[in-house]
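Next come two complexes built around chain A: one with chain B, the other with chain C.
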Partner chain A sequence: MTDRVFLCRCEDVTLSEIDHAIDEDLTSVEEIKRYTGLGTGPCQGRECIGPLACLLVRRGLADPSTIQPFTARPPAEPVTFGALAGTQPPFFADSSADWTVHRDPDTAAEEPDP
Partner chain B sequence: MRKVRPLFELRAPIADSDAVTIEYGGQTLHALAGEPLSSALLRAGILATTRSPKYRRPRGPYCLRGECGSCQVRIDGEPNIRACTTPVRDGLKVEAQNQWGPAGLDPTPIVDSLFRDGIDHHHLVVRPRLANAVMQRVARTMTGFGVLPDAASTAPATSHEHRPQVLIVGSGSAGRAAACALERAGIEALTIDRLDRRTLETSPGALPAGLLSGVGVFAAYPQEGLWAAAAAPLSTAAGDLALHIIRPQHVILAVGGREPMLPIANNDLPGVVSARGLVHLLRRGEVRAAAPVIVIGDGDHAEALAQELGAQRFASDEVRRITGGDTVDGVELADRRVPCRLVALAPTPAPVHELAAQAGGRLRFDGHGFAVVTDDVGRVESSEGGAREAAPWTLWACGDVRGWRGPAASAADGETTAAAIGATIRAELERAPSAGAER
Partner chain C sequence: MSLGSPSTPLPEAVDIAIVGGGVMGLGLAYHLAKIGKTAKRGSERPSIAVLEGSYLVSGASGRNGGGLRMQWADAGNVALMMESIDLCRGLAQELGINLWFRQGGYLFIARSEAASERLYRNAELHRDVGAPTRLLSPAEALAVVPHLDPSMVQVATFNPDDGVVFPWPFVWGYAAQAIRRGVLVRTHTRVDKLELTGEGYTLRLSTGERLRAARVVNATGAWSNELHRELGISLPNRPHRHEILSSEPLRPFLDPLVVDLDSGLYFSQSTRGELVTGISLPDLAGYDDESLSMHSSLRFLSVLSARLTALMPITRSLKILRQWSGLYDVSPDGDAYVGSTPGHPNLVQLCGFTGHGFMMAPAVTGLVARWLLCGESHPMLSRWDPVRSQHPPGRRREDMIIG
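== the complex of A and B ==
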């Protein structure tokens, strides 16, 4: 097998690919994520964001006092669409609103589809 | 088939009451009911269950505790299920995924040898357009032979709403210390941890009374005023899709740390695992390692793990590369090669920052990852532009999520935060005695 140093195993992003991105003048966490796909696999950056930040700081490309990770969007743990779809009232319903109104055929007809 | 000594073996023969059989790619495996599926696979010498998206390298269990995602398998026709967080049940039908063609005959690994210098998909066959279109199609197919589930799920979806005074996310050292302290103070707390109870019981300290185990908190929604958690798919015998919605007054993030990748050549080979994950697997007491382990890592943390594993340790800068073909066969140092079949990586854990970030907490780079910034007692500072003003809860953090400090210091941290929450709740009651009386 070819010797490869992985930073992101999920998306197969190696140290040499990070070097390549830096050579292309992409030196921030966000730019490197977008160019290489680092952090976009099943673990969502859990394994690679720390090593990437360390690398950028060590090479003087990022300021350790201001560097931030890429946005951590939900879900942070696996959840199925089935679980989200199965909730009553709907997952994102305003808790103060009477959600049953949306099930009323007369009202529903007047409202655009969500 | 080549007969090799297994990497792991059972500590005791399986009692009849716990004996189950599962199927892996047509092979029947004997397993222990309730053991992690990854443990049953590793015992059977199955180290790789999938291939990586780009270079098509073999991958299998690595973190052993639900962090990484490289142990994903297809179970009972459902793809992308983590083997390490799936407890074994009788009759599970497990299949490899992201493979092409019959087992062992997948031709795609040739990519790894062809592109020795890496693949830059932004520049590879960009012109002419027709060639690019063909290239895109090949690449997309190779990136994942993602096969949909055999059938739509008929598992019942259940939802549960909780309104505890305090939500504690994580029941490691910090979380359980905080939970026990709150319990003693008569404050109602709900503790949620994504690991199963059996694994949690192997760590020191009493488990909290109100514990929801095997359930992962997957999001904080400050605007909606809720935290959401779900059981891992197929983790329960009933297979129900349980969703938990939590509307707490206080939240303690005690989610701890996780292992960042150590940048060493071939750190992805099957047989390379996380040292902390391996320690947790062995502490369950079902299996022991039957082959020598080499630990790679620096400092006291790595040394403690090496001692618990009875393993030889090398500092990360001593190791030139990990060697092996489809699995690990050794570690190459500057002057020699040390043979082994298991390599355990022991980097200093990085804080699990994601939920804190979603909840609008401030983060700082701590040299390993991003730690949550708090005051002395654990009250989380807001990030600039964070949505905390809108949140109907007070956010706290304790333990390794504030930066790695180890189990003893984390437990002390948990007690400090619990005491501060107790004081806050008492002060609120004194300010609004009538509201307190209504509760």
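== the complex of A and C ==
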């Protein structure tokens, strides 16, 4: 057993690392993300952003009526390169350029994980 | 200890005010403070403040791919990057921070005649300058990255000393060491206006405060023309949005950063395991990419995915976790603007790095600090002199601007 408390399980960011960031005067969500890596793993902050917000509010470092999560980054859910490679870029002005390399995206699912 | 704060107290006046809390501004502050400390007895240590409108690393310094390479097409850039990479070797210890610096090399590949020709030319140039770049046959390139589609490679160059870092800790490291040496770092405070006051400037801040500075350094990258616009200064560098993405993390499988010269695609595996990748996208007609907007597009995902899966088919089943964008600060001739602004000797530009400022910063910030405090010259400083902005732009010497 360990006494370590993890706020971000994707990137193994512990409560003591958050404390350390706050000790360095980094008290906003965006700053803490960039100092600790919190929220940059597979769940993209879905699990850790709430506890972090609560912690900042509880310590009087953020106002619950104005605190915002860090900028949401597309895609909303992880998507394979294979699935996107088969799509025609939307609103594509230069239709003469052949960007897509024709492959059947369905075959991608049969590939073993690299 | 603080890493910069909105409540850092500022004096009425400083010797040098650096605007912009990215790798250039903080790296310069660190070197100025370091040189100032060891300066001869009798000379005063310069007082230095860094002003950042948002949080540190909020601009391009926190949004780039973290690549550092010697493989450029111009001898001056090759030599500068040899120095920068050499400095990075000792920088983790010097800054007391894990930079996640990994020298897995850069592998440039080419298919077309034109792109192959550029690699032949580069390999010859690099040999003359002393960079350890090697020309590789397709078979040798595949030995370095076995997952490449062999039909996509005609010729390649490989430099084992090129590498990648994780940009965030790199910048925090400079900030911490600058602050430790007495630099004041004020965040979340914009410079709304620069006013000429005697030989120096008064900075009007978004907090209502005023700060006087004998010299001002403009290290605001893509935002640099906004800072001095009201002084009637306009330099020809322009912001340009570039996109990038990272994948889910994988066990280490890819040593070098790979650049496909024909498509402008690049990808590397970060020390955290993610594939970090971007591509040169032509501007859409009638669409303003100089707007300072930092949005993301599906077009980028589609084009990049088509190119990446064609070049390295095993990536088809790899998942994209997130995409973001950042702003290049592009000059017409591809060279930075570093030095006194025409007509404003005490307003120093440190911008226009055209997408390669991050990798050059370790060398650049040191040489600019030595120029500011000791008057030391450097061949790149004459080349980067902003005075050339008053003449029609020269031919672009550098054609290896990627992403």
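Just so it is clear, the second predicted complex is superposed on the first by the 86 of 114 C-alpha atoms of A that agree within 3 Å, B and C clash if a C-alpha of one lies under 4 Å from a C-alpha of the other, contacts with A are read in each partner's own complex, and residues count from 1 in each chain.
Going forward, a residue touches a chain if its C-beta (ideal position, glycine included) is under 8 Å from a C-beta of that chain, and two chains touch if they have at least 3 such contacts.
Because the structure is predicted, anything quoted here is derived from the model rather than measured.
When the two complexes are overlaid on their common chain A, residue A:84 makes contact with chain B and with chain C alike. By the touch criterion defined above, A:7 lies against chain B but remains apart from chain C after alignment on the C-alpha atoms of chain A. When the shared chain is aligned, chain C comes close enough to touch A:23, but chain B does not. Look at A:15: by the touch rule set out above, it reaches chain B but stays clear of chain C.
When the two complexes are overlaid on their common chain A, residue A:47 makes contact with chain B while staying clear of chain C.
When the two structures are aligned on the shared chain, A:34 is found in touch with chain C, with no touch to chain B.
Residue overlap on chain A between its contacts with chain B in one complex and with chain C in the other: 11, 35, 41-42, 44, 71, 73-75, 78-80, 82-85, 87-88, 91-92, 94.
Residues 52-55, 57, 59, 62-63, 66-70, 72, 80, 82, 112-113, 116-120, 122, 153, 155-159, 194, 216-221, 224-226, 228-230, 232-233, 241-243, 245, 247, 258-269, 321, 324-326, 350, 352-355, 357-358, 363-365, 367-370 of chain B are the ones that touch chain A when the two sit in their complex.
Within the complex formed with chain A, the chain C residues making contact are 1-5, 55-58, 62, 147, 168, 172, 247-250, 253, 272, 282, 284-287, 296, 298-299, 301-310, 313-324. Contact residues of chain A toward chain C in the complex are 11, 23-26, 28, 30-31, 34-35, 37, 40-42, 44, 71, 73-75, 78-85, 87-94, 97, 99-101, 103, 107-109, 111-114. Of all residues in chain A, those touching chain B in their complex are 1-12, 14-17, 20, 35, 41-44, 46-51, 53-55, 57, 64-65, 67-69, 71-80, 82-88, 91-92, 94-95.
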